[in-house]
Amino acid sequence: MRGYVLKKVGWSIGTLLFVVVFNFFLFRLLPGDPIGLYTRGRNMSPDQLIRLRQQLNRPIGEQFITYLSNPFASTINSTRFNRPVWEIIGERVWPTVLLVGTAVLVAALAGVWLGIRSGWRRGSRFDRVTTGTTNTLYAMPEFWVGMMLIMWLPFFPSGGINSVGVTGFLPTVVDTAWHLVLPVTALAIVYLAEYTSIMRASLVDELRQDYLTLARAKGLREDLVRRRHAVPNALLPTMTLIFLNLGFVIGGAITVEYVFSWPGLGLLTAEALRGPDIPLLQAVFLLFSLGVIVFTLLADLLYAVLDPRVSTQ
Amino acid sequence: MSLLELRDLSVTYAGDVPAVRGVSLSVAPGEVLGVAGESGCGKSTITNAVLRLLPKSATVGGSVLLDGEDVHGMSFGRLRAVRWATASIVFQGALHSLNAVRTIGRQIAEPILLHEPKTSRKAADLRVGELLEQVGLPARRARDYPHQLSGGQRQRVMIALALACRPRLVIADEPTTALDVMVQAQVLQLLSGLVKDLGLALVLISHDLSVLGTTCDRVAVMYAGKVVEEGPASVVFDDSRHPYSGALAGAFPRVGDPRFRYAPAGLAGDPPYPGDLPAGCPFHPRCPVAFDRCSEAEVELLDVGAGRRAACLRAGEAS
Amino acid sequence: MSALAARGVHVRFGAARAVDGVDLEIGSGEIVALVGESGCGKSSLARALLGLVRPVRGTVECADRPLDYRRLKEFRRHVQLVLQDPSGSLNPRHTVYEAVAEGLRIHKVPGDERELVAAALSKAGLRPPERFFLRYPHELSGGQRQRVVIAGALVLEPDVLVADEPVSSLDASVRGEILALLLRLRTELGLSLLVVTHDLGLAWNIADRVAVMYLGRIVETGDTARVLTSPRHPYTKALLSVVPEIARQDPIVLKGEAPDPSRIPAGCRFRPRCPAYAAGLPAELAERCEKETLPVLPADRGHHAACVLP
Amino acid sequence: MTAIAWQRRRATASRFWADFRSHRSALVGLGILLFFGLVAVFASVLADPAGLDVTKATAPAHAAPSGDHWLGTDQNGRSVLTLLIHGTRVSLIVGLAATAIAIVIGTVIGIMAGFYGGWARSTLMGLTDWFLVIPFLPLAIVMATVLGASLLNIIIVIGVTSWPGTARLVCAQTLSVRERPYMERARALGGGDWHQMTRHILPNVMPLVLAHVVLTVSVAILSETTLSFLGLGDPTRPSWGYILDNAYGTGAMSNGEWWFVLPPGLCVVAVVLAFTLVGRALEAVLNPRLREGS
């Protein structure tokens, strides 16, 4: 167990290093004038330009070392907002966590339930309908779902996180929840498809196993066979996969936040694109990668805790 | 009275594949019955038929009487009550038959708590410890997970599990396959001891006739879904009346017997696929002593004296 | 002259001393059975003899010349392999013809490929061979598959065949035929044969000599009839006693399972499970069991046992 | 003998087709793909490419569907149907070409890593894991920004961000094939690395890869749509995502211009779903683990 944890933590650190280095060179080793890239389409004061030129004209090795000493402390301001990038990002984290967290929770609960029902009765009408629906939902771009929702459900707010003029704690909460409905639906629909198929596949995998025959032979009722043996065992890989997905899910929120003008990291990314605002993009990219690494590590650790085959090794 | 009685049992799988074609067998308490045969002869289907664990698509004919009651006529509630409490199974492939993410103790306790709901958790744990010691494992292994045990130890756990509800009949399906000879000897010794101590009825299923010959009271040899020879274990192994039993016995030669030195005994051809059986006696294409009548009609089991039956037209002539 | 020999071979996998010093010879036209429980190192020894794993110490000799690992391909024409599981040893996407011709193509053997393949299939008992050319492995029975594997080895006209548990995954009634085929190959083609098995009955069936392996070493070796009728090593005695048989002496069932080859005990490696030692030995003998490292048994034709007991 | 060999191959192919045909949804998928394939090939015949040119558009902007423009017009007065028809071509080209890149990289790396093991595997799979960790969409966005918007760049971006999944799958399959006894037999016969890889590993890995290819195409098409929607597509080659981008940018949803929003999305769903259905069916037919018996 200790060895396993150490191995995973070591791997995460290695990956983090890779991402940090990759992030640096991806933006520096591009063809063309870096200044042009960093300032494209921006009006900058001569002062700013001089500072930027000083930074970018240093030898690449030196820049790299400065960067490595603290990759999260970008010395270059956002060209769009003209403020330190991490300050801007800090403001945008919570809306994304709220949106993605709610969507994942809803989708995971519903997806696991649907997956269990359709996997247990493989080939039934319910299963066929569920599988067909999830395949279709999976094929939908989430931003398109969002656009359709805006078009057809006009009584929900089509953008933003709060209406103008709402004050007080409770009214704000209610108002935010009201604003959450459409973006959460758009995201959850797509995740739902994924979680359902993961849960179904891992349950179907379990159904093949001999230990379920033994459970039946012991005299267990079918629903006990399912609840006590098949489902807990199938939940193991599902939970891990859901956790593993969390890191990527944030990336998927980009278009939905953009469509709904939800002031989170996704919208920030889309804003950074129109420019493009390279320092901001770089920072956002690093943050997303970090998120995936952290959640991958958490998924591995969760698996170790849940599966005795790892924890008792 | 016999504890388990199969009366003309037949099982046909989906796609018209007859796996078992009219088998009648019985076991009394304290008796060990061996069922021998090769892959596809239907021996494992019998195991599953006894506790009605066959897939829904299978059609079952004849009857399985457990304590005089037909298993296939029971209500589901009654069936669940009978499963494991009256008869239990030692499945082959212990690794896959155990739930990998539950401790052995919990898996053994599960049927106890299920069939004797008044048992306290503590009493169940105590009983689990006893059971483990009975099969030669220390009680503390109850806290282990299946992957922490060796193949032989897992097989012992399977046996402890089968004894959990004090059943009167245990069916062991290839309990020693994939085990080393020495571990195989340990497991067989354990099973024989349990039969003696607990007065169990034991059905031992194996492809190895020599194993059955030494462990069982009576042996039934199966071929293509039917019993082709039945009788006291040692005589079937030593002096078989059906040429197929003879070949099976010869496949595991007696070390030291000059008759087998440089003379491996085997049969030409292969066991038939259950969905495509030859006409007449299904064994006749491989039979060294077949003659023209063998391909005409299937031969029923004939009495050949001293509690022995064989399904061969030449059974009377042998030896 | 020996067709294939191991001289002081040691094979390691990490900390596990899978083969821990073995001398073994397979004479020309001889059938030797290498017997032991799983994990005793018998399969590793067989793979070392085939040049599939390289011993950390010791040499493998083919026709009295040490094996040159830079010229393995040439060596492969002399020594061929037959594996336990015939369904796994054939590529499911190759026809019988392709499976048998594979060796010919690898070695660019001159001559009519079709005729050579047909001849090999006939030798392995698949007649008429043309009927099998275009079959896929899944269309054959277990016995037929094993014959195809044997034909694939025979097509290179080797001098030695190493068979690892050649019949243990076959149906009981089919085994005899495959063993009979191996015996026939010896008499008709003069093949030498090393059969790796856990089954003493199989050794009795076909082997001239038998070597019993325990925890990386050969503990008893000699003529099959002598070793199996009057065994000298307590381990051989125990193994023989548990062969299921009617009317035999009481079985000596050893406790525990095959021990870990990464932790070989000092002194006699069998001592922790030895019934003779457990029953109590004279102090002088017992001390030798505990302390003395027994020499590697010689590879000659005599009957030897690695035990301090007479 | 070659005649019989061909006969056998034909028999194998027809058995495969029979298996495949038993999945009704896969036939539906195949039909949809055939339809869109024909549309892509004959795009210029079905709709005059001149209709894509903003300067030549004569119809009123934001017009509802009519006899002239079955699916109405966009903000520049171009026929949405014309855009859709030509968008089919872009979506399919990007999907197929990007997949080809991903599959080639993934298969080569996967087989190398799986076959050689040890040092080579640690390095190659470590690299794969790293690329797997980088969130796909942000990476694609960054790369597209950096490389600039063109059809070729979009293909490259999607291609080089999609290979790690393939490499993982191929490596796992190679590892399992490598442990089969017939590999040991091939070594004992004297077969070298090249022989083992080409004669044994590749034929046993390819079927799985084939099913995966089809699924990768559907992901690639979705990615293309997303990138184009974010304005990273080639502005001279309108794709379905580009239409949606324009629809969103000109407020088509709040104006109730359903003809501007609904059709491009439906096209994406139809094509992606079709590839998914075909891929799943191929998986079921080709992957013996999912098959009963045999």
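Going in written order, the chains are labelled A, B, C and D, and every chain counts its residues from 1.
Quick note on the criterion: contacts are C-beta pairs under 8 Å (C-beta built on N, C-alpha and C of every residue); 3 or more make two chains touch, one makes a residue touch a chain.
Being a predicted model, the structure only gives us computed values, none of them experimental.
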A-B against B-C, pair bridged by the larger set of C-beta contacts: B-C
Whole-Å gap between the CA centroids of subunit A and subunit C: 56
Whole-Å gap separating subunit C and subunit D, where each centre is the average of the chain's CA atoms: 51
Interchain centroid distance [CA atoms averaged], subunit B/subunit C, Å: 32
Numbers and ranges of subunit C residues touching at least 2 other chains: none
Chain contact topology (line, ring, star, complete or other): ring
Every chain pair in contact, whichever chains are involved: A-B, A-D, B-C, C-D
In the complex with subunit D, residue positions of subunit C that touch it: 50, 52, 72-73, 76-77, 80-81, 83-85, 88-93, 95, 102-103, 106-107, 114, 133-134, 138, 149, 152-153, 156
Contacting residues of subunit A [partner subunit D, same complex]: 11, 14-15, 18-19, 22, 26-27, 30, 37, 132, 135-136, 138-141, 143-144, 147-148, 150-151, 154, 158, 247-248, 250-252, 254-255, 258-259, 269-270, 273-274, 276, 278, 281-282, 284-285, 288-289, 291-293, 296
Interfacial residue positions of subunit D with respect to subunit A in the complex: 25, 126, 129-130, 133-139, 141-143, 145-146, 218, 222, 225-226, 229-232, 241, 244, 247-248, 252-254, 256, 258, 261-262, 264-265, 268-270, 272-273, 276-277, 280
List of subunit B residues in touch with subunit A within their complex: 48, 51, 53, 80-85, 88-89, 91, 93, 96-101, 103, 110-111, 114-115, 144-145, 147-148, 161
Subunit C-facing residues of subunit D, complex: 1, 4-5, 8, 180-182, 184-192, 195, 199-200, 203-204, 294
